[in-house]
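Each in structure tokens, the structures are laid out below.
Two complexes follow with chain A in common, the first pairing it with chain B and the second with chain C.
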Partner chain A sequence: MSATKRNVRVFRYDPAVGGDGGFRDYTLEVENASAMTMLDVLLHIQREQDPTIAFRFACRVAMCGSCGMVINGRERLACKTNVSDLPPSEDITLRPMNHFPVIKDLVVDMDPMFNKFRETLSFFEPKEQLTEPARIAPDAPEREEIRLATDCIACGCCVSSCTMVDHHPDYAGPAALARAYALIADSRDGLFQERLAAALPSCHECRTETNCTEVCPKGISPTRAIKYIQRTALVQLEVTPKEAEVEETEAPPARWEVDRATFIRGAGVAVIGAAVAVTLGSVAAITTVGPTESAAAEEWVSVGRIADLPQGKVTTVLLNYEARSGIYSQTISKPVMISRLSDEIICYKTACPHLGCTVHFENQSDEFRCACHGGTFDRSGSVIAGPPPRALDRYRHKIEGDQLLVLI
Partner chain B sequence: MSVTEDEAKPIQYRKHLRWGEHDPNRRANTPLGMWAWLWQRVSALLIVVLLVLHISLPYKLAIQFLLLLTVTFHATLGLRVILLDFNLVSIRHHRTLAWALPVVGLIAIFIVWRCIY
Partner chain C sequence: MTQSVKADLLIVGMGAAASMAALYALDANPDLNILIVTKALKGKGGCSRMVQGGFNVVLHPMDSHEKHFMDTLKGGQYINKQDLAYTLVTEATATIKEMETRFGCFFDRNPDGTIHQKPFAGQSYDRTVHKGDLTGIEIMSRLTEQVIKRGIPVLEETRAVDLLLDESGKTVTGALLFDMRRGDFLVAEAGATLVATGGGPTQYRFHAPGPEKSVDGLGMLYRAGAVMMDMEMVQFHPTGLIIPGSVVAGALLEEGLRGAGAYLFNGNGERYMLNYAPDVAERATRDVVSRSSYIEMTSGRATPEGGVYIQASHLGPEFVLKNFPGMAERCRQFGYDLARGRVPISPTAHFVMGGAAVDLNGQSSLEKLFVAGEDAGGVHGANRLGGNGICESCVLGRQVGKALSKHLHNGNRALATTRKDQVKETADRLLRPFTRDSGPSPFDLRKRIKEMNWNKVGVVRDGPHLTEALAEIDAIADEASRMRVSGGRNYNMMYTAAVDLLSMIDVSRMVATSALAREETRGAHSRSDFPKQRDDYGLFNSNLRRGSDGKPVIEKTPVAFTRKSLEECQNYRKG
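Moving on, here comes the complex of A and B:
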């Protein structure tokens, strides 16, 4: 077989540089397309062209679940996907999985998924009365029911493929629910009710997209697992009934004379009409002018006591706060430069408006300086010298009691 | 030894990628089940619009026909979810359900319409 040239596009993200990341193109000679996996492709590029590419793998035989990534628009294991599995007309496109924070290039942080495993109690807890290992016959109904679900390698492909994971932060996601299902269906399990209760609310977020079922490299169907949990809960979940808190209230006397049926009919039409109008109007408004999901929510973060900020000085404070996005949250540290002159407090961002280097304050000259290209700003943040196109950016701030808060 | 500013910088993870972001082949690879989900939502909105039209312009045949078509399409996709919910059809056939139910429903409604008008 003669060698063919394939264009390989690899998503690159460097945590030291930050930003959005993007594809870098490589060209590779492929000797035998049906014997070369994506892992081979990556290893070739790493050895021969670019040693800085980061990706994960261990077993090479679809057992460890570490090489999950998005290959040409679909979640797959790099070690199980051959070059010949992709149409020859397409570039080979390798990109990290969705819905996991990207650490570097193709390597993602899988913690959000494992936290979801924990929340749905997806670990085995044997029934107390069992002293001997319970034997489940290969043809037992539960064994047939669970089928492949115990084969999950926690690769995260299903979590990446499911768009609902991104829209519902509390959603446990397909992988955790497939695991919960395998345990709920297991007669040796000692946490039946607890697990059912923990998993059920998440199941309502499933919209039967079946993306997870399509991509699972182990042939598991998390969709089916989720439906199973819901059906089981329907008949077996023990609900502790809440005391109904209905208070007897006197009906208010009618103010004007309208016949009851007419009123209800009128009100009904009005409510439905208003609902339709509001629904359509807001859908249209949100899609045209609303903020996109990617815009991080702003929040007020406390800097500390105002009295601790020395008069006339510029103090740099490191803020630590939790940022939530999608199904995970991340602790972020952000420096803020706070200038305090008599009564005036200004909170500056440390990123230089030129190219984003870190700006610092120089006490001797009473100026802000950027070390990269010599941008210089005065006490009010205006540019004195250098290439910055505008004054230093500021955070909005407010004072509550003796505390200073900034809007991040 | 002093630490330079760059070394002191904390490692910033990139915010998670989203469906279709930096993903040129994603849309072409969208599986059928996802389309079934999306089209059911789209048809729901269409039904709201057509229903309003139908109520305000009662005897327009075209609107009636479109409404019937949209409702059938929406309902058959709903049937797909119900069948999977109750495991009445194995998940193995989920792709077949996603196209066959709407096709059968639309053909049936077409025949009914021809019989009436």
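Moving on, here comes the complex of A and C:
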């Protein structure tokens, strides 16, 4: 087997550097395409070309669900995808999964998915205090029904592939629903009603695009799970399931109104034991809203009263706001430089267009300066010196009453 | 200033042992503040997830705890800690039932709806509970859900790097953690600390556990001064896949293949097991098959891939595909055809029988320090039976969890004070690789130690090679003290490799030292210069601790035959 050269495009993003991230190209000699996984590709690049590249794995044999990423446009496990699985004519393109915050490069924070598991009560709650395991024949209908669903490795591929996740903040997403379904069908479980109530509204959001089913590396069909939950609700609860809304507006999440009380009871169960939380306030990991394909939608954020921003100066204001992207939301702090040097108000990004370091305005020299590589900008943000490729980026702003708002 | 957190109970690791301990401690004592820290994501790291075969437990009236106990001692070649092994087998029954009834595990069933049990090597009764060949996924997914349900805080991708001690060096006050995402240290102090990082001998060329693991717990326990035992006992599984150049190399082809009648061939096409074990051939126990394959491989009869071949095609392709679909798929991914052809394999490092010396509550030789799962030693003796590993983690994790809740209830929650400079000294030393402009690469050194261990401290050992190995470990340690890591500190995988290497160095040294001191062949420990098991010599446990010069000091203590005498053990036969 002769070695072939492959171009590998890897998405790089480092919160310590900032910016939006972007693809970097590597060229790799592939000795044996059928014995080289994407994980091997990344490990080779890391060892031989670029040790700073970040990705995640643990088991390397498709059992732990740590290595999900988007490989040539499709969610797959890096350890289960070989070079030979991709057309030889194409570049190999690796980027982080959608809808999850990016921690670095290909590594995402999977907590949003785990949180959805909690919201849909996707954990076993025994119906009775038994001492002996339930007697259930292997071919019992409930087991036939859920068969594969219990093999889920929580890799998040289905969540990343689902387009609805981005449109409905309360949507539980395919992974949590697949688990809810396995529990709903489990005769040993005691939260049948509550779980059905918690899962059903999300099921209405599903547009049956079956992306989740196509990408699942374990052959699970979350689509089928979702339909099963709806069917069960129909039979067991005698309510008419609400049809999915067709318009793509931010409709309020459909709540199943018939038995709100059960829903709330169910939610109560979810927080049992939450009181044990150790105070970890300052420890919380930094997760950045990463530049995945579905970047958070823009929104107007208030800076404060214009009168509080001194005339003839540049003031840096830290904006704190709630941003939502896909299945998670988080508080973001973002600095904005407001210039009132002239009559015109200008709102600048503090990130240097070169490599994203922080830019300050220096009163003595009347210039914006970047400490990292000496980038210098004049009062209007144009480059005077140093490596920055373009002028300082600006935010759009508007004035409402006495308030200044910027579009973030 | 390093950030710090405090808890009643700090649990290091989130495999089966750690999760079971957390659940049982909290359920017995709901106001405990428990903090779990794991090197991976929630429930995703470690070997418990990777369990294929299953969990040994006595459920059937025809079976008995006595038989399971004797099988375990026989497998361990009599040097097990008998009281631990007895707890293992007797408590396993209640444990597996509670995992079904309380946590929602669902294991495979017999046609009558009772739990199905399959045969596994070395057992006098079919007692292995399983869920298909993905038992570990079922167990870890269900336990993780229960941890999430209870809201027990978990710090993900936060690895413990060293245990913290008080001024006297006898009491553990918590652990120094490294938040891999932020690239910063974090001090965790607790009334009790449980180490459950699951051993995992990845310091060899071929290994079955995932490469995320790096014997961290064992290294930490040793550096803290805990008494360790039987570190020479490293189990090699005979059928690890060879995939040149891939990180998947060493991943298992399951034992059931040999059980079903697969053949092994050397590079000359000979069924060599007929020479080593004429009666049972390929069905011989793990240690015998691994050793035989290794001898073939190192005597000029290796295949071009450097190993031996497994062949199952004579059983019929349909049979293979029907009974081993997961294994066939694993082979197919790399262009091998298990159903119709031969597949290159090698013995692969699988499990560490040795570990911290503990009592029935998991208490180690240090105050406030507890150990459970593969990091603890003693229960398996010189060799672990298939199916007793996940059993150990679940059963003893549960025991330790219950014991910890009692211990912490009895006025032991107070935090001890960490020695003044320990955090700063350790953090400064560990960060040095970032400050250097040049130095050896951790990737290169890791490769070197893996090759060295494979060749000199591996499946078959001898005195001269072990002596060489110890010198080479010193040389690698010396180079490691000059390592350089490039890039920033946040999510730096090169740095992860550097810290991993430090654990591997300490553990390699323990294994080589203990292996040199045991001049016989017993269970997984095989010496070509002492090829016989010597019951007039070898009935001891190798207790080891870190000496004042940083090197291991060994003390051999006679095995305590507290429940069964040596004669009863020797006379025990299957049946």
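The working rule: the second predicted complex is superposed on the first by the 247 of 408 C-alpha atoms of A that agree within 3 Å, B and C clash if a C-alpha of one lies under 4 Å from a C-alpha of the other, contacts with A are read in each partner's own complex, and residues count from 1 in each chain.
The criterion applied here is as follows: contacts are C-beta pairs under 8 Å (C-beta built on N, C-alpha and C of every residue); 3 or more make two chains touch, one makes a residue touch a chain.
Every value quoted in this text rests on a predicted model; they were computed, and no experiment measured them.
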Contacts of A:T223 with chain B and chain C, given as first, second, both or neither: first
Which superposed partner A:R135 touches (first chain B, second chain C, both, neither): second
Winner by number of chain A residues touched, once chain B and chain C are compared: C
Partner chain in contact with A:K80 - chain B first, chain C second, else both or neither: second
Touched partner set for A:A391, first chain B, second chain C, both or neither: neither
Which superposed partner A:I103 touches (first chain B, second chain C, both, neither): both
Partner chain(s) touched by A:P15 [first = chain B, second = chain C, both, neither]: both
First, second, both or neither for A:R60, with chain B first and chain C second: second
Chain B versus chain C as contact partner of A:P51, first or second or both or neither: second
First (chain B), second (chain C), both or neither touched by A:N72: first
Footprint overlap on chain A, where chain B in one structure and chain C in the other make contact: 15-16, 103, 276, 279-280, 283
Of chain C, residues touching chain A in the complex: 3, 5-7, 26, 30-35, 40-46, 49-50, 97, 100-104, 106-116, 131, 134, 136-138, 141-142, 145-146, 148-153, 155-157, 179, 181-182, 186, 210-212, 243-248, 251, 330, 333-335, 441, 443, 485-488, 490-494
Complex interface listing, chain A residues touching chain C: 14-16, 31-32, 34-37, 39-40, 43, 46-47, 51-61, 63-66, 79-80, 82, 103-105, 107, 110-111, 114, 117-118, 122-126, 129-140, 143, 150-154, 179, 183, 186, 188-189, 270-280, 282-283, 285-287
Residues of chain B touching chain A in the complex: 5-6, 9-19, 21-29, 31-34, 36-37, 45, 48-49, 52, 80-81, 84-87, 91, 94
Residues on chain A engaged by chain B in the complex (per definition of touch): 11, 13, 15-16, 18-23, 70, 72-74, 90, 93, 95-103, 108-109, 163, 166, 207-211, 213-214, 221, 223-224, 227-228, 230-231, 276, 279-280, 283, 293-294, 296, 325-326, 328, 330, 332-333, 358, 371
